[in-house]
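A, B, C and D are the chain letters, set down in written order, and residue numbers restart from 1 in every chain.
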Amino acid sequence: MKRTKTLNRARLLISCSDQPGIVASVSAFLHEKGANIVQSDQYSTDPEGGMFFMRVEFDLPAFTERFHEVEEEFSAIAAQFAMTWRLESERKTKRMAIFVSKEDHCLLELLWRWRSGELDVDIPLVISNHEDLRDIVESYGISFHYIPVTKETKQEAESDAKTLLYDYHIDFIVLARYMQILSPAFVQDFEHRIINIHHSFLPAFIGANPYKKAFERGVKLIGATAHYVTNDLDEGPIIEQEVLRVNHRYDTADLKIAGRNVEKIALARAVDWHINDKVLVHENKTIIFN
Amino acid sequence: MKRTKTLNRARLLISCSDQPGIVASVSAFLHEKGANIVQSDQYSTDPEGGMFFMRVEFDLPAFTERFHEVEEEFSAIAAQFAMTWRLESERKTKRMAIFVSKEDHCLLELLWRWRSGELDVDIPLVISNHEDLRDIVESYGISFHYIPVTKETKQEAESDAKTLLYDYHIDFIVLARYMQILSPAFVQDFEHRIINIHHSFLPAFIGANPYKKAFERGVKLIGATAHYVTNDLDEGPIIEQEVLRVNHRYDTADLKIAGRNVEKIALARAVDWHINDKVLVHENKTIIFN
Amino acid sequence: MKRTKTLNRARLLISCSDQPGIVASVSAFLHEKGANIVQSDQYSTDPEGGMFFMRVEFDLPAFTERFHEVEEEFSAIAAQFAMTWRLESERKTKRMAIFVSKEDHCLLELLWRWRSGELDVDIPLVISNHEDLRDIVESYGISFHYIPVTKETKQEAESDAKTLLYDYHIDFIVLARYMQILSPAFVQDFEHRIINIHHSFLPAFIGANPYKKAFERGVKLIGATAHYVTNDLDEGPIIEQEVLRVNHRYDTADLKIAGRNVEKIALARAVDWHINDKVLVHENKTIIFN
Amino acid sequence: MKRTKTLNRARLLISCSDQPGIVASVSAFLHEKGANIVQSDQYSTDPEGGMFFMRVEFDLPAFTERFHEVEEEFSAIAAQFAMTWRLESERKTKRMAIFVSKEDHCLLELLWRWRSGELDVDIPLVISNHEDLRDIVESYGISFHYIPVTKETKQEAESDAKTLLYDYHIDFIVLARYMQILSPAFVQDFEHRIINIHHSFLPAFIGANPYKKAFERGVKLIGATAHYVTNDLDEGPIIEQEVLRVNHRYDTADLKIAGRNVEKIALARAVDWHINDKVLVHENKTIIFN
C-alpha cells in the first residue's frame, strides 16, 4: 500500500526568534499566492525571548513550476524575521544513503518499508565497510559500495564516501548499525542529515557489553534511540525512542534480539518523519510535528 | 507541583469549512490586537471540501479586562468564515462536577490529581445515586449530593441534578463510573461537556460480564476508552485510550483491578486535555492538540 | 544472530485435572531418567476441581536416541493422571507452512525473522490463492504453490492444500493475511496448529471497513490479535495482542499502515512462542509460559 | 475490591545451586504433607553450574497451625540442597513502613491502593524527615513520625528509625521519594527489604537537574525504575520499570509531572509483587514470578 502523493503539495519549515507577526506574515503570503493550507503546526518555546517553529503543508496550483518563484519571494519575509527556513516539494522524493557494517536488521527493515511503499524515499546507494551485505542489497536493485575503513585510511574512506554521496545526489544518510565513528568534518557537511540508531537502557549501562550488564541487573525494558548525529558521540538531538518489555527469562542473546527489534521500530519511525519533513532541530533537541 | 498559570493567556478554538484565508485573517486579527502567539495548531481534513480546525494559545496585555472586547471583535471574522468557535481565558478555571455510583477509583484519581495541582480545575460538586462515597468526598471539602435514581424518579433526579449544576456554575461533567444512563435531553444540554470512561477490550466482548468473557478467552491486553457522551451509548467521540498488559495468571478479579487502573489513567488524561481546551469535536471524532 | 540450540534438550507439556502428586510424579520420573530440569512452569486454575498445566524444559543425555523410550515410559504416568501431553525435542525443528493472499507484510516479517535466525523454524512451503507473491517467496528458496479458491472449488482446494501439507511434513500453519475461511473439517485436522492474525480495535468496529469506522470515531489505539483458528470465526484462543498509538492526523490509509505494523509484531511473537512450545491451550484460552 | 484471601495458603521460595532432584524432593515433601500445589514457577539460569529458583504456592489443611512444623521439617530438605529459602503464609499480612520527604505522589498512590484493597498490606508507620505530609498520613489513621536528618544527626536518626521499625514489627520499607541516603549498616539490616523508586531516562542524564537535561535533548520517553536498595547507590536489583511517552511540547515542569506519574505506576507494581512474595533476588538481579 502506497500513500498517495498529492500534486503541487509544498512544505514550508521555519525556525526563528519568536516575535509578533510571524504567522500573520506567512499566512498572508500564502493566501496571496493562492495556497490552500492543509496542515499547519506551530510551536514556540517561551513567550518572552523564545524560539518559534512552524511547519506548513499547503497546496499551490502549479507548485512544481513555481517552486523557485515562491522560494525567492518568500526569502524577503524570511529575511525580515531572520528565519532559518526551507521549502520542500512533496513531489521531490528524498534520496537516502544507508551506511551498514555487518548487522542487517535495520537495513532490512528500511528496505522492506521502502519496497512496500511505506517509506516514500529513493535508496540509490548503500555503503559498507564490509562485503557481507552486498548480495541482499543488490537483490533490491540498489548499488552497494564497499569502502573498508582502518585508522590509516579513514580520511580517504570518508572522502570516497563523500564522492559517492554527491554523485548519487544523496539528501540524507542513515547509519543502520554502521560501526564507525564519522569525523567532525564529515558530520559538519551533513548537519542534521545523518540519522543514527543505538540501543538505550534505563538506566544506562556505560562501557562495553551493555547487554551483559543489563542482563546482570535484570532490566525489565530494552530501548532504542534514533537521533541526528553530532560530534558529541551518541548525544545528538533525539528523534524517536521506543522500548520493549523483557523479563528474567531473557538471556543476553535474547536481550540482543529484543534490542534489534526495538531498534528497527524506532529507526523506521525516525526515517519516516525525516522524509516527510516533520522534524525541526533547534540546538540539541527536535520539534516533531507528527 | 502546580503548573504555573500565565496572566493574560487566551485560547481560541475554531472549527469551520476549510477555505482560503482563515489563518491569515486570524493571525492578522491577533497581530493587530497586540497578541503574542504562544502555540498554534491547525489541522484540516481534506484540501477539497474538508474541515478546518485551529487552536491558538496567545498572550494579550490586559486580556482579562479586554476579554469581551476581543470576543466581540472576533465574532465578525468568525461570521465571515461561518466558524464554530470559542474564546477561553486560561485564568478562568473550569468548574467540574463528578458523577459517581459506588466505585471510587476514578473519583479518587481525579481528586488526587486535583489536590496535587496536576488538574487545573475546580471541583465544587459531586453527585451520586448512592451514599457510599460521601465521607471521602466531603473530606476533600467538596459538596456531595445524594440523588437516588429509579425508573420512576429518573426525570425528577435529572432535573434535581441540573438545578445543582446550574447553581454551582458547572462547566462540564465527568462520569467517574456513574452507572446510570442519562436521558437524551440531559445529554443535549451538555453536548461535548460530559466525559465518560468505560473498559474496552480487543476484541470487544459484547453483553454482560465482559471481564469473565475476557478471562475465558485469555486476553493479553485490558483497555479503557474515555469519550464524550452522546445518545448513542458508549459510542461518542473518543478522547483517549490506554491498555495494560495482562496474562493467563490474571483471574477475573485481577482483570477487573487492571481495568480499574487503566480506566484511571485514560480518564485523567482526557480530563486534563478537556480542561486545557485541547480537544475539538467534529461529528463523531476528536481532534486533540496535545 | 542465531539462538544456540542445545543438544539433548527436551520439552514436556502437560494439561490435566488438578490433583495431588502430579509434580512429584513428573519430577521423580525425570530425576530417575537422569534429566536436568532447566526451566519449569506450572499453572493451575483453581485449587478445587481446576486444571493443571505444566511445561518442563530439561536436558537428558542422549535424548535424541532415547526419545521414544522416554515417551513410552512417561505414558504410564500420563495415563495415571489422565494427562493431555506431548514430548518435544528442541533439536527437531518445526515445519511451518504460510498461507497468504495478496498482502505481504506478515509474510515478509516471518521470512525476515526466519532468515535472520530469530525464528527457529523451517519454512518449506507457502500456499496462496493468488500468484502475486510467488517471486518474493521463491527468492527465499521456498516452494510457492498457487491454489485458487472459489465457492465451487473450495473443497477441492483444501484437499489439494492438505496433500501438500502432508507431503511437506508440515507441523503447523500460519495464516499471514490469508483472506479465505477454512472449512470446519480442515480446521479440525489442524486443531491448535493454525495461527491467524487480524486487526483489533478498542472498542470493536463490527462489519465492513473497520478502519474507516475507526477513523470516523477518532480511535487513539490500533491493535492486532494473533490467535489459534477455531470454527468460531476469529474467536479462537488468543496468543498475543499488541497496540500502536495513532492520532487524528492519521487518515484511513495511515491507520491501515499502523494496522499492518502492529499485525507483524503480534504475529511474529505468537509464532515464536508456538515454535518454542510455550503455548498450551485449554478450552478457549491459552496459557503462555514465556 | 479486595482480592479474596485463601485460608491455609502458603508460599515457599527457594534459591540454590542447580542440581538434580530438587523439584522431585520438594514435590514429594509437599505431596506427603497433603499440600495441594496451586501455582509453581521455577527458573534456572544455566544447566551447568547455574542457579535454581522456585516459588510454590500451595494449600495445606490447617497450615496456620502447622506452619512451624512444616518449616522445621522442610529445613532438612533445604539443608540437603544448601537452599536459601523461606516459607510464607498468605494469611500473615506483611507490615510496610513508608519513608517520605516532601513529595506526596508515591505515598498517596500506595495509600490509595492500600485503602482500596489492591495492596494486601498493613501500613502502620510513615517516617519522614519533614513535617509536611503529617496531616495526610494521619487522616488515613497511620502513625506519622518526624525524624529530621542532618549530617551530624544521621546516625542517631537512623537509630531512632530502627527502633520504630522494630516496635512496629515492620517487614519491609518503601522509600517513596525519601531524599536521604541510608547508611550501609541500615541497608544491611534490611537487605532486599527496602524498595526505592527513581526516575530513569533513555539514555541516562548524569548529575543534577536530569529533567532539565532531558528537556534540552528533547527526550521522547520518561521512565522510572523500582529497585531494591543496596549500598551501590541506585544500582540495586531492578524490580520493575515503566515509561511514559512525552513530546517537545512538554516543558521541564510537564516532564516532572510525567515522571511522577510513571514513578507511581512502577512503584505500586513493585510493592504488589514484593507483598505477594513474587520476587526472588540473586546477586544483582531479580527473578519475578508474576
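Following the convention adopted for this analysis, a residue touches a chain if its C-beta (ideal position, glycine included) is under 8 Å from a C-beta of that chain, and two chains touch if they have at least 3 such contacts.
These are the chains along with the protein names UniProt gives them: A, B, C, D = Formyltetrahydrofolate deformylase.
Bear in mind the structure is a predicted one, so any value in this text is a computation, not a measurement.
> Can you work out the rotation angle that lays subunit A over subunit D using Cα coordinates, in steps of 5 degrees?
180
> Of all the other chains, whose mean CA position lies farthest from subunit C?
B
> If you tally the C-beta contacts, which comes out ahead, C-D or B-D?
Answer by contact count: C-D.
> Rounded to a whole Å, what is the gap between the Cα centroids of subunit B and subunit C?
That pair's centroid distance is 41 Å.
> Can you compute the centre-to-centre distance for subunit B and subunit D, using the mean CA position of each chain? Integer Å is fine.
36
> Counting only residues that touch at least 2 other chains, which ones in subunit D make the list?
39, 43, 249
> Going by the contact rule set out above, which residues of subunit C touch subunit D in the complex?
On the subunit C side, the touching residues are 6, 18, 20-24, 26-28, 30-31, 34-44, 47, 59, 245.
> So in the complex, the part of subunit C that touches subunit B is made up of which residues?
It comes out as residues 43, 200-204, 215-221, 223, 225, 234-235, 237-243, 247-249, 283-288.
> Contact residues on subunit C for subunit A in the complex?
Going by the criterion above, the answer is residues 1, 3-4, 39, 104-105, 108, 112, 116, 118, 139, 249, 253-254, 256-257, 260, 290.
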